[in-house]
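Each chain gets a letter, A, B, C and D, in the order it is written, and its residues are counted from 1.
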Amino acid sequence: MTQKILFRHCDPAGIVFYPRYFEMVNDAIEALFSDQIGWPFEHMHQTHAGPTVALEATFSAVSRHGDVLDMCVSVERLGKSSLQLRTEGWCDNQLRFTVVNTMVCIDANTKSTPWPKSVRKKLEQLMGPQE
Amino acid sequence: MTQKILFRHCDPAGIVFYPRYFEMVNDAIEALFSDQIGWPFEHMHQTHAGPTVALEATFSAVSRHGDVLDMCVSVERLGKSSLQLRTEGWCDNQLRFTVVNTMVCIDANTKSTPWPKSVRKKLEQLMGPQE
Amino acid sequence: MTQKILFRHCDPAGIVFYPRYFEMVNDAIEALFSDQIGWPFEHMHQTHAGPTVALEATFSAVSRHGDVLDMCVSVERLGKSSLQLRTEGWCDNQLRFTVVNTMVCIDANTKSTPWPKSVRKKLEQLMGPQE
Amino acid sequence: MTQKILFRHCDPAGIVFYPRYFEMVNDAIEALFSDQIGWPFEHMHQTHAGPTVALEATFSAVSRHGDVLDMCVSVERLGKSSLQLRTEGWCDNQLRFTVVNTMVCIDANTKSTPWPKSVRKKLEQLMGPQE
């Protein structure tokens, strides 16, 4: 997923205001669930939800208005009902940021619940072979 | 309601990015319903909603980071299930913006429905005597 | 330009929170300047700016999470240093919203200034033949 | 600093959308610099900036529309040109979130530079006696 840095992302210093990065990361994760996992958020939220319970971010270089970022989401760890996703933003072979989200699958009563089987299977495929 | 122009409101030109004004206006209207009308949005949304169906805005002078705006919401017109609110933003005796929102009261089935009586009464008081 | 309604656009009622529409409209206008007019905002803002000074919006039908909107920007009026753009959002042949922005071209001293000739020419082409 | 959870903070699940937390945290840090350190962001940004370079967040309990959060910012570590701030959000004696921001003081050329002496002194006072 590519994301051009738009006017609305930038702060008075002309660089990305970091809460906007988390909106981009959320969009990238939403696209992953929709395009690769086959469980779009708009379906998920009819019966479940996947809130972020913890997050670590490193902003290693600034991004400016007009930069085009390549965003890459990968599965870092898959638990029974938890999931750790790493999103990296790159521009011109330079790493701009890394965000690691820990999400939990919850049901309609906000209790944690295992990922549905078909979702789990896709997530495992995305992880690739583990040794 | 006063609102200081914060870092997050401003764009690369150092002035308020206009979609942020609409967040401020929404906050001011939310405060009006909570503090003066006695129907906080968090209660309203259990059974009703009040979506904005039309809006007119004029940005007459720019606002910069650090400016402190006085925001004043007044009732411009009250229909059976509609409501027109005017929000003005002032700083140092200078009008910065005017936003006129037209809202409609809807029920849980998203059909328009009359404003509850107690809400209507408060809105009428806010309008003041009409000739 | 198409825009899927994402999680971050929606409010507790599950529909688009209207300030988010103005971010989408700004993105669509930014894409117009970048892709069709050849004056990307990131270049424009080195010497000029194009603030919105007035705006009218009508939200004729709600949009929900997962809807895919077609957004269409057209030139409604072109003045010496002003510009009126109409952005319509459609989904399934239903008009969801219309936003008319009035922008002004300003220079580095925030004085209004004529649109650059090459920009004016492109804007005129976009207007099509006028009778 | 208290912050009521407003309509605009919440997602379709009726809870705070986590990127909005970072806007609140940024507001709280901006208030700290303005009210307690005496270096408001709007002054700082004339000659310096204080970008967040890393961040860790834990969301230990959800917050809903209408909740009133007490936000408390404390100095966790003070380096020559870096600063670690911990922001906690509490409601009804329940910890809702913890965000630890690592900021760096930079000059107009985006090079890291020591905190100004008066700022450093205030930050040390906020840390309290260290053993």
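Brief remarks follow.
Basically, contacts are C-beta pairs under 8 Å (C-beta built on N, C-alpha and C of every residue); 3 or more make two chains touch, one makes a residue touch a chain.
What you see is a predicted model; the values in this text were computed from it and never measured.
Across the assembly, the mean Cα position most removed from that of subunit D is the one of C. Contact tally for A-D versus A-C: the pair with more C-beta pairs in contact is A-D.
Interface residue usage between subunit C and subunit D, two copies of one sequence, is largely shared: over half of the residue numbers at the contact are used by both copies. For the pair subunit A and subunit C, the distance between mean C-alpha positions equals 28 Å. Work out the mean CA point of subunit C and of subunit D, and you get 34 Å between them. Mean C-alpha position of subunit A lies 23 Å from that of subunit D. Within subunit D, residues 7-8, 12-13, 17, 19, 23, 26, 45, 65 each touch two or more of the remaining chains. Against subunit D, the residues of subunit C that register as touching in their complex are 7-8, 10-14, 17, 19, 65. Residue ranges of subunit B in contact with subunit C, taken from their complex: 12-13, 15, 17-20, 22-23, 26, 45, 49, 51-60, 62, 110.
Residues 6-8, 23, 26-27, 30, 40-43, 45, 64-66 of subunit A are the ones touching subunit C in the complex.
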